[in-house]
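Labels for the chains are A, B, C and D, by order of writing; each one numbers its residues from 1.
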Amino acid sequence: MMKRSSWKSLLLTIVIGVLAMAGTANAADTIKIGVAGPHTGGYAAFGEQFWRGAEQACKDINAAGGIDGKMIEVVKADDACEPKQAVSVANRLMDVDNVQAVAGHYCSSSTIPASEIYADADILVMTPGSTNPKVTERQMKGVFRMCGRDDQQGAVAANFIINTLKAKRVAVIHDKDSYGQGLADAMIDKMKALGVTEVLYEGLTRGEKDFNSLVTKVKSVKADALFFGGLHTEAGPLVRQLREQGITAAFISGDAINSADFVTAAGGPQYVDGVYMTFGQDPLTLKTGRDVIEKFRADGYEPEGYTLYAYATVQALTAAMDATNSTNLDKMADWLHGNSVNTVLGEKSWDSKGDLKVSDFVMYQWDAKGKFRQL
Amino acid sequence: MDIYILGQQLLNGLILGSIYGLIAIGYTMVYGIIGMINFAHGDIYMISAYLTAILLSLIFSLGITSLPVVLLLTLFFAMAITGTYGWAIERVAYRPLRGSTRLAPLISAIGMSLVLQSYVQISQGARNQGVPILIKGVLRLGGEEQFVQITYIQILIVIASFIGMAALTYIILRTSLGRQCRATQQDRKMAAILGINTNRIISTVFVIGSSMAALAGVLVTLNYGSFDFYIGFVIGIKAFTAAVLGGIGSLPGAMLGGIVLGMAEGLFSGFVSSDYKDVFAFGLLVLVLVFRPSGLLGKPEIEKV
Amino acid sequence: MSVETGHPLLSVRNLAMRFGGIQALADVNFDIRQGSISAMIGPNGAGKTTVFNCITGFYRATGGSIHYRSDSHDINLVQVLGEKLHLKDFLNPPRLANRLYYKLFGGSHLVAQAGVARTFQNIRLFREMTAIENLLVAQHMQIIRNPISGVLQTPAFRRSEQDSIDRAHIWLKVVGLDKDANRLAGELPYGHQRRLEIARAMATGPKLICLDEPAAGLNPKETEELSNLIRLLRDQHQVTVLLIEHDMGMVMDVSEHIVVLDHGEIIAEGTPHEIENSPTVLAAYLGEDYSNTVVAPDGTTEESRPQEMISA
Amino acid sequence: MPIQQKTSLRKALLDGFWSGILALIIFGPISGLVLKGYEVQNELMRPLLIALSVAVGRFLISYLIQTTKGRYYLGKLVGKRDAGVTVASLTKSKYQHLLIPVLVLAGLSVPLLLGKYWLTVVILALIYVLLGLGLNIVVGLAGMLDLGYVAFYAVGAYTLAMGAQYFELGFWTMLPVAAIGAAMFGAMLGFPVLRMHGDYLAIVTLGFGEIIRLVLNNMLEITGGPNGASAPSPTLFGLEFTRRAKQGGIPFHEYFDIAYSPSYKYIFIYLILFVVVCLMILFVTRLKQMPMGRAWEALREDEIACRSLGINHVTVKLSAFMMGAMVGGIAGVFFATYQGFINPSSFTFFESALILAIVVLGGLGSTVGVIVAALVLTILPEALRDFAEYRVLLFGIAMVLMMVWKPRGLIRIKRKAYELGEPTA
């Protein structure tokens, strides 16, 4: 049956496996925190933000003496925003890296399957960026988030569109992904409660750049406001093509366009002028955040998007470990439910589901210089 | 139905279709000559987008501001460098596989596509990148409120794609290089016996195909203004679909396939649902192939018994 | 000789074939008698292979009929390929149903299943399969091919497999290839490949076997053996043989009935002796098409012709 | 005898020089000039280093292959490029019949040797073995290029999830349902397109794969769209492997009164999967020696000859397509149950490409090859995790290198030899 060459190949496989296993030694005197996010594939930019934030937090905490003298260590895990890889890295974090807590997963579709594995291993997970309500709606004790929920965010956006902008004809576009579509649906729900029905509801394909047909369609329904649920990579070309076709409707989007890359993606600051977005309280306005931001800038890195969320997540996890003096899921979860943590993003506390008690979504507006400010 | 909206949607489809067509030409040429699907072609296009931004910034820093000069220099260098990419990829990943199974180069191409993507991601970062607006201006037909419009850069794209297609068709049909290409395509062994350096011809085709991707890359990047390391994948699959729709191996077919696909997508997403536009596009492809098994302009395959 | 005694196994009537604007076959009529060895000759481009392809179901004739009468049934080989639908069919539901059925499920395989086997001008063996496997595939339609009994290896299935292996072995012996049973077909010498292809066609259990230039590329000794093989097939295995051949020596030697084709029409038909002395045939051969070839008075050509590259 | 030739230093130097220049052109702009907004940042040392190493590498290779020893090794490499098929010898080695039991025992003992993480990696690898075996039927045996195989994988996975969601059916009921469903689906998709040839078939199947994914993504009300759907775990006669019972049964660890471990679920899935893979290997091996499998291979070799032998090429192709689809569906069920959650992003074109790579790398048609390739291609990316963002790059390079090294696959195909006694008839 088997020839010699097939034996050789089999041997190769085994050697690869053994090498990989051997490469993971374990040090007991550090506390390990897994940082999971996409580092390859189309969402890699967000994984980088996570990692930068978590790494800096780790450095700062260790510089301040660690947790009871124990140093913390962050472990990078790449899930490429694929459920398959998310499950794999989750198991790896549990089994090979033996982390004591996880800050992680960006895509909700990664966080959901991975959190099952963390729960099985009695490990607490806090996501800096998964905003889909389903993440915390599954009655799992050890799942927290550092960010708001799409429904909260959508409600803020809907209020703003209807009550402040007084828009009557609202077009809604999403990117057919769990974040974008979830946000768009949440916005529509709230808008309907306020008595306005959308005039257009369409999905676009992630990774494409040409939305001209969609834009012409927006034009044909004579919308006076356009809400987009999706990421800056699509929001940029969309708003540019909107303006190029002479449509002046207000453009409103969610927290995922909060990045200088949005301006690049739009092809220049003149196109993002006037764009509204929902986002958490600006860390720059908080006293706690300023020092940290300065540290990032000193390294030549602009802490944008989820960088500070990841930073705050590591802060919250270590705070819980510090206070309970353990890495036990139950103890940590109970503590987080009952106490608040002073993070780079301000004072944070969690409700029984693991969501932030206070959703601090507010509206921002971009200006012609490519900067945004709170309204 | 609003005539302006319809007109605009047709125009949108035409522009998108021209872009597909430009990239599809590369697929179709490579397929024509060695019968392989070059999955790395979309990533060559992506590389050329990065080159556009890099070259523009270099040229501006040299103090050249005359728009035509900037444009031509960018185009020239981008095409030259991507041409080198095409040559090197063929040399490294495909040539050693010549004469083995038909599927081996296909897998090698998929591997190459991964390599190019992650190479760019590692060197340039995962972030979105962009280029400043170079060509401003728009042509509008109609009144203040109602109009059909096309920007200058979009006009340039449509013109360039047709010129590109026509020039290549001319080269293939009329020049000595073209004759050697066609000979190599029909019977590589015989062509080699007749003294044609088939390896060189195949390399040349890769270089030409890649430069066409660069032509598309430069113009499209200037049009949309932004890109990332992942753009090659989606547009690559679409362009390949266009090439097959038009009849793979046929240059005018690639253009026609691109425009049909672009129009179909544009009109469907404009008037029916943009959620299902890709379903519609692929459905159209299946339907065309069921009734015309060699695509719109492809030569029907004769079964030799 | 049983030429005169057998009834017509195959009757070709008014066969016409048109490729685009080119009329490849105009109005071809001939019969093949059961148990005979017949040959079809004619200059290059005369339409011999086209007739062959029509008979074996690889081309759908544009006109006429090919009736195949074996002991049990009489079928029109043109019809089973799935004819074009006519407007009139919609008035005649059974006819329409029949045509639709063949349109969906018809094809050249039905011709082969009826009992017409063939070989090809440019050998078409399953090159990466062994010789014996080639013969096993040929018996596909005669053995148990239910996947479930195969996976479970039921006794009936095993018996059927063993039978087919035995039959394959017999055929390999007939063509003298039993030593090569477990060699890859593509690695066999050319002459062996030719014989294997004939064995493969015979393994389908045909009534009529059509050989497309079986002697092309063989040396005189191998051609001689081939002639003997063809006779043996007819005499011991009760099969009717129809062949296309350019080697006039072999044609005259082996066949009992010859059809001469030129420009898509039959120009002569008869026994080898009649054909030899037919002025029309000589004219066709020595005319514009074959002026460079000398046909000896006995009909053999002196120059071995290069193999036709493109089928007529 | 190799002809003694003087090694030319000059030629090697020139080769090295030109490859260095070429590498500079290729790597220069992309890795040397990093975009920062609309400006570029000078990182030109990087391409210089790359170009230098390329030049040195090329020089060394160019120089070494001119030496006798170099030519010897080159000859060894090139010499392997012979036909990919051989025929097995009739005489079997002594240990042959021992081999399979040993392998099965080794396979069964895997959960004891590996930790949970590597166990999950092996489960994933086995799922890819299944996928590879299934696609191998379509591509390797029947010779139809299918770039949308992931469609059937998705159908299997979603059948399990949807069955659990809407009809409350468990793993064991849905396993055969998914297999049959996927096969039916294969027949439905296959029938109109099987008359197409080669690459047209490839692009149409690619289109089908994309259509399935898009439809799953768009039908939010039914499939959950991008939010995905959860899938149940397998149970052992009603015993569940979760910490708390979810499907109305009793948790395994409570029933046996042992401590809970998350590994139990994976061990159980692994064991079922292992048995299924073994059965599938047996199934495929037998198929190959059955009329159906022989007809598939014959069809790959020459469709026209098949028709001349009375084989209905459409039904034979359809049977291959359905059989492949069925195996894909089964793999999908295991994927969904292992994952516990599925969404359309697991069923992209890249997945189809990976499965195809397994089949081609395995050696088109070789069962052992598929197994080895599946193990290599799934374990390799996990093993490369320590290289972080270089992982995909290395994986791509490995794919190209393996193809160049062995274009006909890792394993050469061995055809069965038939023993011929004296015929009885």
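Quick note on the criterion: a residue touches a chain if its C-beta (ideal position, glycine included) is under 8 Å from a C-beta of that chain, and two chains touch if they have at least 3 such contacts.
Quick caveat: nothing in here was measured; it's all calculated off a predicted structure.
Listed by label, the chains that touch chain A and also chain B are D. More inter-chain C-beta contacts link the pair B-D than the other of B-D and A-D. Ranked by how far their CA centres sit from the centre of chain D, the chains are topped by C. Look at where the CA atoms of chain B average out and do the same for chain D: the two points lie 29 Å apart.
Note on chain placement: the centre of chain A and the centre of chain C lie 70 Å apart, centres being C-alpha means.
Centroids of chain B and chain C (each the mean of its C-alpha atoms) stand 48 Å apart. Taking each chain's centre as the mean of its C-alpha atoms, chain A lies 32 Å from chain D. Chain A has residues 39-40, 44, 176, 203, 264 in contact with two or more other chains. Counting partner chains per residue, chain C shows two or more touched chains at residues 58, 120. The set of chain D residues touching two or more other chains comprises 37, 84, 218, 304, 389, 391-392. Contact residues on chain B toward chain A in their complex (touch as defined above): 2, 5, 8-9, 12-13, 15-16, 19, 118, 121, 125-133, 138, 147, 149, 151, 220, 224-228, 230-231, 233-235, 265-267, 269-271, 273-275, 277-278. Chain A makes touch with chain B in their complex at residues 39-42, 44-45, 47-48, 176, 202-205, 207-210, 212-214, 216-217, 219-220, 232-233, 236-237, 240, 244-246, 261, 263-268. Within the complex formed with chain D, the residues of chain C that make contact are 56-58, 105, 107-110, 112-113, 117-118, 120, 124-130, 132-134, 136-141, 143-145, 147, 150-151, 153, 163, 165-167, 169-170, 173, 178, 181-184, 200-201, 204.
Of all residues in chain A, those touching chain D in their complex are 1-3, 5-6, 9-10, 12-13, 16-17, 19-21, 23-24, 39-40, 44, 76, 78, 81-84, 87-89, 91-92, 94-96, 108-109, 112-113, 116-117, 119-121, 132, 134, 176-178, 181-182, 203, 264. Residue ranges on chain D touching chain A, taken from their complex, read 37, 96, 99-100, 115-118, 120-121, 124, 217-218, 220, 225-228, 242-243, 262, 265, 335, 338-343, 345-346, 368-369, 372, 375-376, 379-380, 382-383, 385-386, 388-389, 391-392, 410-412, 414.
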